[in-house]
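Listed below are the structures to be examined.
In the two complexes that follow, chain A is the common piece, with chain B as its partner first and chain C second.
What follows is the complex of A and B.
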(Lines of atoms letter the chains of each structure in order from A and count residues from 1; the text may use other names and numbers.)
(Lines give C-alpha, C1' and ligand atoms only; values in the text may rest on other atoms or scores of the structure.)
Protein backbone atom coordinates (compact mmCIF):
# COMPACT_ATOMS: atom_id res chain seq x y z
CA UNK A 1 0.00 0.00 0.00
CA UNK A 2 1.22 3.49 -0.90
CA UNK A 3 0.98 6.29 1.64
CA UNK A 4 1.85 9.97 1.64
CA UNK A 5 2.83 11.89 4.78
CA UNK A 6 3.05 15.66 4.71
CA UNK A 7 4.92 17.35 7.54
CA UNK A 8 4.55 21.12 7.96
CA UNK A 9 5.66 23.59 10.57
CA UNK A 10 3.00 24.62 13.08
CA UNK A 11 1.45 28.04 12.69
CA UNK A 12 3.64 30.71 14.29
CA UNK A 13 6.86 28.72 14.12
CA UNK A 14 9.53 30.69 12.25
CA UNK A 15 10.40 29.13 8.88
CA UNK A 16 13.90 30.25 7.80
CA UNK A 17 13.80 28.02 4.71
CA UNK A 18 10.53 29.58 3.64
CA UNK A 19 11.96 33.05 4.18
CA UNK A 20 15.04 32.13 2.12
CA UNK A 21 12.86 30.92 -0.75
CA UNK A 22 10.74 34.06 -0.51
CA UNK A 23 13.87 36.23 -0.71
CA UNK A 24 15.23 34.27 -3.67
CA UNK A 25 11.93 34.57 -5.54
CA UNK A 26 11.95 38.31 -4.92
CA UNK A 27 15.50 38.65 -6.23
CA UNK A 28 14.45 36.71 -9.34
CA UNK A 29 11.82 39.39 -9.92
CA UNK A 30 8.72 37.56 -8.71
CA UNK A 31 6.51 40.19 -7.11
CA UNK A 32 3.39 39.47 -5.07
CA UNK A 33 4.70 36.56 -3.02
CA UNK A 34 3.31 37.35 0.42
CA UNK A 35 4.46 34.24 2.27
CA UNK A 36 6.30 30.96 1.68
CA UNK A 37 6.36 27.94 4.01
CA UNK A 38 8.37 24.79 3.27
CA UNK A 39 7.49 21.33 4.56
CA UNK A 40 8.32 17.70 3.84
CA UNK A 41 6.50 15.21 1.66
CA UNK A 42 7.31 11.57 2.46
CA UNK A 43 5.98 8.83 0.18
CA UNK A 44 6.09 5.31 1.60
CA UNK A 45 5.42 1.87 0.14
CA UNK A 46 4.12 -0.38 2.93
CA UNK A 47 3.93 -4.18 2.76
CA UNK A 48 0.58 -4.33 4.55
CA UNK A 49 -2.68 -4.14 2.59
CA UNK A 50 -4.75 -3.48 5.73
CA UNK A 51 -5.74 0.20 5.87
CA UNK A 52 -6.28 0.30 9.64
CA UNK A 53 -2.93 -1.32 10.28
CA UNK A 54 -1.23 1.04 7.84
CA UNK A 55 -2.83 4.09 9.48
CA UNK A 56 -1.70 2.93 12.94
CA UNK A 57 1.83 2.16 11.72
CA UNK A 58 2.14 5.53 9.99
CA UNK A 59 0.88 7.44 13.01
CA UNK A 60 3.47 5.66 15.13
CA UNK A 61 6.19 6.44 12.54
CA UNK A 62 5.21 10.12 12.55
CA UNK A 63 5.18 10.35 16.32
CA UNK A 64 8.56 8.62 16.66
CA UNK A 65 10.54 9.79 13.63
CA UNK A 66 8.97 11.53 10.68
CA UNK A 67 7.69 14.62 12.50
CA UNK A 68 8.95 16.69 15.41
CA UNK A 69 5.54 17.04 17.02
CA UNK A 70 6.70 19.95 19.20
CA UNK A 71 6.93 22.26 16.17
CA UNK A 72 5.46 20.25 13.31
CA UNK A 73 2.05 18.96 12.22
CA UNK A 74 1.69 15.83 10.09
CA UNK A 75 -1.02 14.57 7.78
CA UNK A 76 -1.35 10.96 6.59
CA UNK A 77 -2.95 9.97 3.27
CA UNK A 78 -3.42 6.35 2.23
CA UNK A 79 -3.34 6.11 -1.56
CA UNK B 1 -4.44 33.16 -3.25
CA UNK B 2 -2.93 30.11 -1.56
CA UNK B 3 -0.96 27.56 -3.59
CA UNK B 4 0.80 24.34 -2.83
CA UNK B 5 3.79 23.05 -4.82
CA UNK B 6 5.04 19.51 -4.32
CA UNK B 7 8.49 18.68 -5.63
CA UNK B 8 9.51 15.03 -5.86
CA UNK B 9 12.46 13.20 -7.31
CA UNK B 10 11.92 11.66 -10.73
CA UNK B 11 11.48 7.92 -10.91
CA UNK B 12 14.83 6.14 -10.94
CA UNK B 13 16.76 8.96 -9.28
CA UNK B 14 18.52 7.70 -6.14
CA UNK B 15 17.01 9.18 -2.96
CA UNK B 16 19.60 9.05 -0.14
CA UNK B 17 17.26 10.88 2.25
CA UNK B 18 14.54 8.34 1.60
CA UNK B 19 17.00 5.50 2.17
CA UNK B 20 18.14 7.11 5.45
CA UNK B 21 14.54 7.38 6.66
CA UNK B 22 13.88 3.79 5.62
CA UNK B 23 16.94 2.63 7.60
CA UNK B 24 15.92 4.63 10.65
CA UNK B 25 12.39 3.22 10.56
CA UNK B 26 13.82 -0.28 10.34
CA UNK B 27 16.10 0.31 13.32
CA UNK B 28 13.09 1.60 15.27
CA UNK B 29 11.46 -1.76 14.62
CA UNK B 30 9.06 -0.83 11.84
CA UNK B 31 8.88 -3.86 9.54
CA UNK B 32 7.23 -3.89 6.15
CA UNK B 33 8.47 -0.57 4.84
CA UNK B 34 9.37 -1.42 1.25
CA UNK B 35 10.33 2.03 0.01
CA UNK B 36 10.54 5.64 1.21
CA UNK B 37 10.90 8.72 -1.00
CA UNK B 38 11.20 12.25 0.42
CA UNK B 39 10.16 15.40 -1.43
CA UNK B 40 9.41 19.05 -0.70
CA UNK B 41 6.09 20.70 0.02
CA UNK B 42 6.09 24.47 -0.54
CA UNK B 43 3.05 26.51 0.45
CA UNK B 44 2.84 30.01 -0.99
CA UNK B 45 0.54 32.96 -0.40
CA UNK B 46 0.27 34.96 -3.64
CA UNK B 47 -1.09 38.50 -3.92
CA UNK B 48 -2.89 37.81 -7.19
CA UNK B 49 -6.48 36.52 -7.20
CA UNK B 50 -6.32 35.54 -10.88
CA UNK B 51 -5.97 31.76 -11.20
CA UNK B 52 -4.43 31.79 -14.67
CA UNK B 53 -1.87 34.39 -13.64
CA UNK B 54 -1.06 32.43 -10.46
CA UNK B 55 -0.62 29.21 -12.43
CA UNK B 56 1.73 30.91 -14.89
CA UNK B 57 3.71 32.59 -12.10
CA UNK B 58 4.06 29.34 -10.16
CA UNK B 59 5.17 27.39 -13.23
CA UNK B 60 7.83 30.01 -13.85
CA UNK B 61 8.90 29.87 -10.18
CA UNK B 62 9.21 26.08 -10.37
CA UNK B 63 11.19 26.15 -13.58
CA UNK B 64 13.57 28.83 -12.28
CA UNK B 65 13.94 28.04 -8.58
CA UNK B 66 11.66 25.68 -6.71
CA UNK B 67 12.49 22.51 -8.66
CA UNK B 68 15.60 21.14 -10.31
CA UNK B 69 13.78 19.94 -13.40
CA UNK B 70 16.68 17.69 -14.43
CA UNK B 71 15.99 15.31 -11.53
CA UNK B 72 12.73 16.56 -10.02
CA UNK B 73 9.05 16.70 -10.97
CA UNK B 74 6.77 19.40 -9.62
CA UNK B 75 3.01 19.62 -9.14
CA UNK B 76 1.08 22.86 -8.61
CA UNK B 77 -2.19 23.06 -6.71
CA UNK B 78 -4.18 26.27 -6.37
CA UNK B 79 -6.14 26.21 -3.12
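What follows is the complex of A and C.
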Protein backbone atom coordinates (compact mmCIF):
# COMPACT_ATOMS: atom_id res chain seq x y z
CA UNK A 1 0.00 0.00 0.00
CA UNK A 2 1.20 3.48 -0.82
CA UNK A 3 0.96 6.31 1.63
CA UNK A 4 1.73 9.98 1.66
CA UNK A 5 2.71 11.95 4.76
CA UNK A 6 2.58 15.73 4.65
CA UNK A 7 4.54 17.55 7.34
CA UNK A 8 3.89 21.25 7.87
CA UNK A 9 4.96 23.83 10.42
CA UNK A 10 2.42 24.57 13.13
CA UNK A 11 0.60 27.89 13.11
CA UNK A 12 2.53 30.42 15.13
CA UNK A 13 5.89 28.92 14.16
CA UNK A 14 7.78 31.36 11.95
CA UNK A 15 8.68 29.97 8.54
CA UNK A 16 11.58 32.02 7.11
CA UNK A 17 11.74 29.76 4.03
CA UNK A 18 8.08 30.42 3.31
CA UNK A 19 8.72 34.14 3.70
CA UNK A 20 11.62 33.96 1.23
CA UNK A 21 9.43 32.12 -1.30
CA UNK A 22 6.72 34.73 -0.82
CA UNK A 23 9.29 37.48 -1.47
CA UNK A 24 10.53 35.73 -4.62
CA UNK A 25 6.97 35.31 -5.93
CA UNK A 26 6.37 39.00 -5.35
CA UNK A 27 9.54 39.94 -7.21
CA UNK A 28 8.35 37.79 -10.13
CA UNK A 29 5.21 39.88 -10.28
CA UNK A 30 2.77 37.45 -8.63
CA UNK A 31 0.56 39.85 -6.71
CA UNK A 32 -1.82 38.94 -3.92
CA UNK A 33 0.13 36.11 -2.28
CA UNK A 34 -0.79 36.77 1.35
CA UNK A 35 1.24 33.99 2.93
CA UNK A 36 3.49 31.04 2.00
CA UNK A 37 4.24 28.08 4.25
CA UNK A 38 6.70 25.40 3.18
CA UNK A 39 6.41 21.79 4.27
CA UNK A 40 7.63 18.29 3.40
CA UNK A 41 6.04 15.47 1.45
CA UNK A 42 7.13 11.93 2.29
CA UNK A 43 5.93 9.01 0.13
CA UNK A 44 6.06 5.52 1.58
CA UNK A 45 5.37 2.05 0.29
CA UNK A 46 4.10 -0.30 3.00
CA UNK A 47 3.99 -4.09 2.99
CA UNK A 48 0.58 -4.27 4.61
CA UNK A 49 -2.73 -4.13 2.67
CA UNK A 50 -4.74 -3.47 5.83
CA UNK A 51 -5.74 0.22 6.00
CA UNK A 52 -6.22 0.34 9.77
CA UNK A 53 -2.85 -1.29 10.34
CA UNK A 54 -1.19 1.08 7.87
CA UNK A 55 -2.78 4.07 9.57
CA UNK A 56 -1.55 2.90 12.98
CA UNK A 57 1.98 2.25 11.66
CA UNK A 58 2.16 5.64 9.98
CA UNK A 59 0.93 7.49 13.06
CA UNK A 60 3.63 5.78 15.08
CA UNK A 61 6.25 6.68 12.43
CA UNK A 62 5.15 10.32 12.43
CA UNK A 63 5.23 10.58 16.22
CA UNK A 64 8.63 8.86 16.50
CA UNK A 65 10.52 10.26 13.52
CA UNK A 66 8.82 11.79 10.50
CA UNK A 67 7.54 14.91 12.27
CA UNK A 68 8.90 16.93 15.17
CA UNK A 69 5.63 17.56 16.98
CA UNK A 70 7.17 20.46 18.91
CA UNK A 71 7.04 22.53 15.72
CA UNK A 72 5.29 20.42 13.07
CA UNK A 73 1.90 18.91 12.25
CA UNK A 74 1.48 15.87 10.04
CA UNK A 75 -1.25 14.53 7.78
CA UNK A 76 -1.46 10.92 6.63
CA UNK A 77 -3.07 9.83 3.35
CA UNK A 78 -3.46 6.23 2.22
CA UNK A 79 -3.48 5.93 -1.55
CA UNK B 1 37.18 13.91 35.11
CA UNK B 2 36.33 11.20 32.60
CA UNK B 3 34.49 12.09 29.43
CA UNK B 4 33.17 10.53 26.26
CA UNK B 5 32.40 12.11 22.90
CA UNK B 6 29.68 10.61 20.70
CA UNK B 7 30.48 10.27 17.02
CA UNK B 8 27.82 10.09 14.31
CA UNK B 9 28.31 9.99 10.53
CA UNK B 10 28.56 13.58 9.32
CA UNK B 11 29.74 15.00 12.64
CA UNK B 12 32.88 17.14 12.16
CA UNK B 13 33.63 18.84 15.49
CA UNK B 14 34.31 15.74 17.54
CA UNK B 15 38.09 16.28 17.52
CA UNK B 16 37.73 19.90 18.61
CA UNK B 17 35.52 18.71 21.47
CA UNK B 18 37.98 15.96 22.42
CA UNK B 19 40.87 18.43 22.31
CA UNK B 20 39.03 20.83 24.64
CA UNK B 21 38.46 18.08 27.21
CA UNK B 22 42.09 16.94 26.91
CA UNK B 23 43.56 20.45 27.13
CA UNK B 24 41.45 21.56 30.06
CA UNK B 25 41.13 18.37 32.12
CA UNK B 26 44.29 16.56 31.09
CA UNK B 27 42.35 13.37 30.42
CA UNK B 28 41.82 11.98 26.93
CA UNK B 29 38.10 11.49 26.24
CA UNK B 30 36.76 8.19 24.91
CA UNK B 31 35.26 8.42 21.43
CA UNK B 32 32.02 6.42 21.13
CA UNK B 33 30.65 5.40 17.73
CA UNK B 34 26.87 5.76 17.27
CA UNK B 35 26.26 2.04 16.75
CA UNK B 36 27.46 1.23 20.28
CA UNK B 37 24.73 0.47 22.79
CA UNK B 38 26.71 1.09 25.98
CA UNK B 39 28.63 4.08 27.26
CA UNK B 40 31.88 3.82 29.20
CA UNK B 41 31.79 4.83 32.88
CA UNK B 42 32.33 8.58 32.48
CA UNK B 43 31.23 11.81 34.19
CA UNK B 44 30.38 13.73 31.03
CA UNK B 45 29.13 12.72 27.60
CA UNK B 46 29.54 15.34 24.89
CA UNK B 47 27.43 15.40 21.74
CA UNK B 48 29.54 17.43 19.30
CA UNK B 49 28.72 19.64 16.36
CA UNK B 50 28.65 18.95 12.67
CA UNK B 51 26.08 17.73 10.20
CA UNK B 52 24.99 14.29 11.34
CA UNK B 53 23.36 12.43 8.45
CA UNK B 54 23.69 15.55 6.31
CA UNK B 55 20.88 17.21 8.29
CA UNK B 56 18.47 14.94 6.38
CA UNK B 57 14.80 15.11 7.43
CA UNK B 58 15.61 17.62 10.23
CA UNK B 59 18.89 18.59 11.92
CA UNK B 60 19.76 15.89 14.42
CA UNK B 61 16.60 13.86 13.72
CA UNK B 62 18.29 10.68 12.49
CA UNK B 63 21.15 10.81 15.00
CA UNK B 64 18.60 11.15 17.81
CA UNK B 65 17.30 7.67 16.89
CA UNK B 66 20.75 6.00 16.91
CA UNK B 67 21.53 2.80 18.85
CA UNK B 68 23.65 4.75 21.38
CA UNK B 69 20.80 7.10 22.37
CA UNK B 70 19.11 4.83 24.99
CA UNK B 71 22.48 4.69 26.79
CA UNK B 72 22.71 8.49 26.60
CA UNK B 73 19.21 8.75 28.10
CA UNK B 74 20.23 6.40 30.92
CA UNK B 75 23.39 8.46 31.55
CA UNK B 76 21.27 11.64 31.81
CA UNK B 77 18.62 9.92 33.95
CA UNK B 78 21.37 8.91 36.39
CA UNK B 79 22.13 12.62 36.89
CA UNK B 80 25.42 12.56 35.03
CA UNK B 81 26.35 15.41 32.72
CA UNK B 82 25.58 15.76 29.03
CA UNK B 83 26.96 18.63 26.93
CA UNK B 84 25.46 19.17 23.48
CA UNK B 85 27.01 21.76 21.19
CA UNK B 86 25.55 22.96 17.87
CA UNK B 87 24.37 19.82 16.07
CA UNK B 88 24.67 18.20 19.51
CA UNK B 89 22.10 20.68 20.85
CA UNK B 90 19.84 19.90 17.90
CA UNK B 91 20.23 16.17 18.60
CA UNK B 92 19.36 16.68 22.30
CA UNK B 93 16.15 18.55 21.44
CA UNK B 94 15.25 15.80 18.95
CA UNK B 95 15.68 13.15 21.66
CA UNK B 96 13.46 15.19 23.98
CA UNK B 97 16.23 15.45 26.60
CA UNK B 98 15.92 19.23 26.10
CA UNK B 99 12.70 21.08 25.23
CA UNK B 100 12.04 23.18 22.11
CA UNK B 101 13.54 22.95 18.64
CA UNK B 102 16.25 24.60 16.53
CA UNK B 103 14.89 26.06 13.33
CA UNK B 104 16.35 27.65 10.20
CA UNK B 105 18.12 30.94 10.95
CA UNK B 106 15.73 33.84 10.45
CA UNK B 107 18.19 35.29 7.89
CA UNK B 108 18.15 31.96 5.98
CA UNK B 109 21.96 32.23 5.98
CA UNK B 110 24.60 30.04 7.52
CA UNK B 111 26.31 32.25 10.10
CA UNK B 112 29.98 31.69 10.94
CA UNK B 113 31.40 34.37 13.22
CA UNK B 114 32.23 35.28 16.79
CA UNK B 115 29.40 36.40 19.06
CA UNK B 116 29.07 37.56 22.67
CA UNK B 117 27.15 35.49 25.17
CA UNK B 118 25.80 36.56 28.52
CA UNK B 119 25.99 33.94 31.25
CA UNK B 120 22.47 34.18 32.67
CA UNK B 121 22.89 31.27 35.07
CA UNK B 122 26.35 30.76 36.57
CA UNK B 123 25.04 28.31 39.16
CA UNK B 124 24.99 25.26 36.85
CA UNK B 125 27.55 22.47 36.70
CA UNK B 126 28.51 23.84 33.27
CA UNK B 127 29.00 27.51 34.19
CA UNK B 128 30.30 27.72 37.77
CA UNK B 129 33.65 29.01 36.50
CA UNK B 130 31.92 32.13 35.13
CA UNK B 131 30.47 35.08 37.03
CA UNK B 132 26.70 35.71 36.87
CA UNK B 133 25.99 38.07 33.98
CA UNK B 134 29.53 37.72 32.62
CA UNK B 135 29.86 38.47 28.91
CA UNK B 136 32.04 35.98 27.05
CA UNK B 137 33.17 35.65 23.45
CA UNK B 138 32.26 32.47 21.59
CA UNK B 139 32.33 31.36 17.94
CA UNK B 140 29.18 30.19 16.18
CA UNK B 141 28.81 28.27 12.92
CA UNK B 142 25.31 27.13 12.06
CA UNK B 143 22.41 27.47 9.65
CA UNK B 144 19.73 26.25 12.03
CA UNK B 145 20.21 27.78 15.45
CA UNK B 146 16.95 29.66 15.73
CA UNK B 147 15.70 28.39 19.08
CA UNK B 148 11.94 27.95 19.32
CA UNK B 149 9.71 26.78 22.14
CA UNK B 150 6.02 27.31 22.86
CA UNK B 151 5.07 30.05 25.35
CA UNK B 152 4.45 27.59 28.23
CA UNK B 153 7.88 26.00 27.76
CA UNK B 154 9.55 29.43 27.56
CA UNK B 155 7.83 30.55 30.76
CA UNK B 156 9.06 27.39 32.46
CA UNK B 157 12.64 27.88 31.20
CA UNK B 158 12.69 31.53 32.29
CA UNK B 159 10.99 30.87 35.61
CA UNK B 160 13.44 28.14 36.54
CA UNK B 161 16.54 30.02 35.37
CA UNK B 162 17.20 27.39 32.74
CA UNK B 163 18.27 29.84 30.03
CA UNK B 164 22.00 29.63 30.62
CA UNK B 165 23.37 31.66 27.70
CA UNK B 166 21.90 34.49 25.64
CA UNK B 167 23.32 36.30 22.61
CA UNK B 168 24.19 39.84 23.66
CA UNK B 169 26.23 42.87 22.65
CA UNK B 170 29.60 43.80 24.18
CA UNK B 171 27.82 45.41 27.15
CA UNK B 172 25.63 42.40 27.80
CA UNK B 173 22.47 43.87 26.32
CA UNK B 174 20.07 41.46 24.61
CA UNK B 175 19.32 43.18 21.32
CA UNK B 176 17.99 42.17 17.95
CA UNK B 177 21.28 43.27 16.35
CA UNK B 178 23.23 40.94 18.65
CA UNK B 179 20.98 37.97 17.83
CA UNK B 180 22.61 36.04 14.97
CA UNK B 181 19.78 33.63 14.14
CA UNK B 182 16.44 34.95 15.37
CA UNK B 183 16.35 32.71 18.47
CA UNK B 184 13.46 33.60 20.74
CA UNK B 185 14.55 35.94 23.57
CA UNK B 186 18.15 35.60 22.33
CA UNK B 187 18.39 32.08 23.75
CA UNK B 188 21.75 30.47 22.93
CA UNK B 189 21.85 27.67 25.52
CA UNK B 190 19.53 25.94 28.01
CA UNK B 191 19.62 23.21 30.64
CA UNK B 192 17.06 20.53 31.41
CA UNK B 193 14.94 20.68 34.58
CA UNK B 194 17.46 18.61 36.56
CA UNK B 195 20.29 20.89 35.42
CA UNK B 196 22.57 18.08 34.23
CA UNK B 197 21.99 18.37 30.46
CA UNK B 198 23.15 21.52 28.63
CA UNK B 199 22.57 22.32 24.97
CA UNK B 200 24.07 25.36 23.26
CA UNK B 201 24.54 26.50 19.67
CA UNK B 202 27.89 28.35 20.13
CA UNK B 203 31.18 26.42 20.18
CA UNK B 204 33.04 26.90 23.50
CA UNK B 205 35.43 24.10 22.46
CA UNK B 206 36.82 26.43 19.80
CA UNK B 207 38.00 29.11 22.22
CA UNK B 208 40.12 27.24 24.74
CA UNK B 209 43.72 28.17 23.87
CA UNK B 210 45.64 31.31 22.95
CA UNK B 211 46.18 30.08 19.39
CA UNK B 212 42.41 30.24 18.86
CA UNK B 213 42.38 33.88 19.96
CA UNK B 214 40.94 33.50 23.42
CA UNK B 215 40.17 31.32 26.40
CA UNK B 216 36.55 32.24 27.05
CA UNK B 217 35.27 28.75 26.26
CA UNK B 218 37.43 27.01 28.87
CA UNK B 219 35.00 27.87 31.65
CA UNK B 220 32.51 25.21 30.54
CA UNK B 221 35.12 22.47 30.71
CA UNK B 222 36.64 23.82 33.94
CA UNK B 223 33.17 23.90 35.51
CA UNK B 224 32.50 20.31 34.47
CA UNK B 225 35.85 19.22 35.88
CA UNK B 226 34.96 20.91 39.19
CA UNK B 227 31.56 19.24 39.26
CA UNK B 228 32.96 15.76 38.64
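Here is the rule we go by: the second predicted complex is superposed on the first by the 79 of 79 C-alpha atoms of A that agree within 3 Å, B and C clash if a C-alpha of one lies under 4 Å from a C-alpha of the other, contacts with A are read in each partner's own complex, and residues count from 1 in each chain.
Convention: a contact is a pair of C-beta atoms (placed from the backbone, for glycine too) under 8 Å apart; a residue touches a chain by one contact, two chains touch by 3 or more.
Remember, it's a predicted structure, so these values are computed and weren't measured experimentally.
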Requested in this report: Identify the partner contact of A:47: answer first if only chain B is touched, second if only chain C is, both if each is, neither if none is.
Outcome: first
Report task. Would you mind checking which one, chain B or chain C, touches more residues on chain A? Result -> B
Requested in this report: Give one of first, second, both or neither to describe whether A:24 is in contact with chain B, with chain C, with both, or with none.
Outcome: first
Requested in this report: Would you sort A:34 into first (chain B), second (chain C), both or neither based on which partner it touches?
Outcome: first
**Report entry** chain B versus chain C as contact partner of A:70, first or second or both or neither
**Finding:** second
Report task. Quick one: classify A:57 as touching chain B (first), chain C (second), both or neither. Result -> first
Report task. Using the touch definition from the top, say if A:16 reaches chain B (first), chain C (second), both or neither. Result -> second
Report summary line: Residue overlap on chain A between the chain B interface and the chain C interface 64-66
**Report entry** List of chain C residues in touch with chain A within their complex
**Finding:** 57-58, 61, 65, 93-94, 99-101, 103-108, 146, 148-150, 182
Report summary line: Given the complex, residues on chain B that touch chain A span 6-8, 18, 21, 24-25, 28, 30-48, 57, 60-61, 64-66
**Report entry** Residues of chain A touching chain C in the complex
**Finding:** 13-14, 16-17, 20, 64-66, 68, 70-71
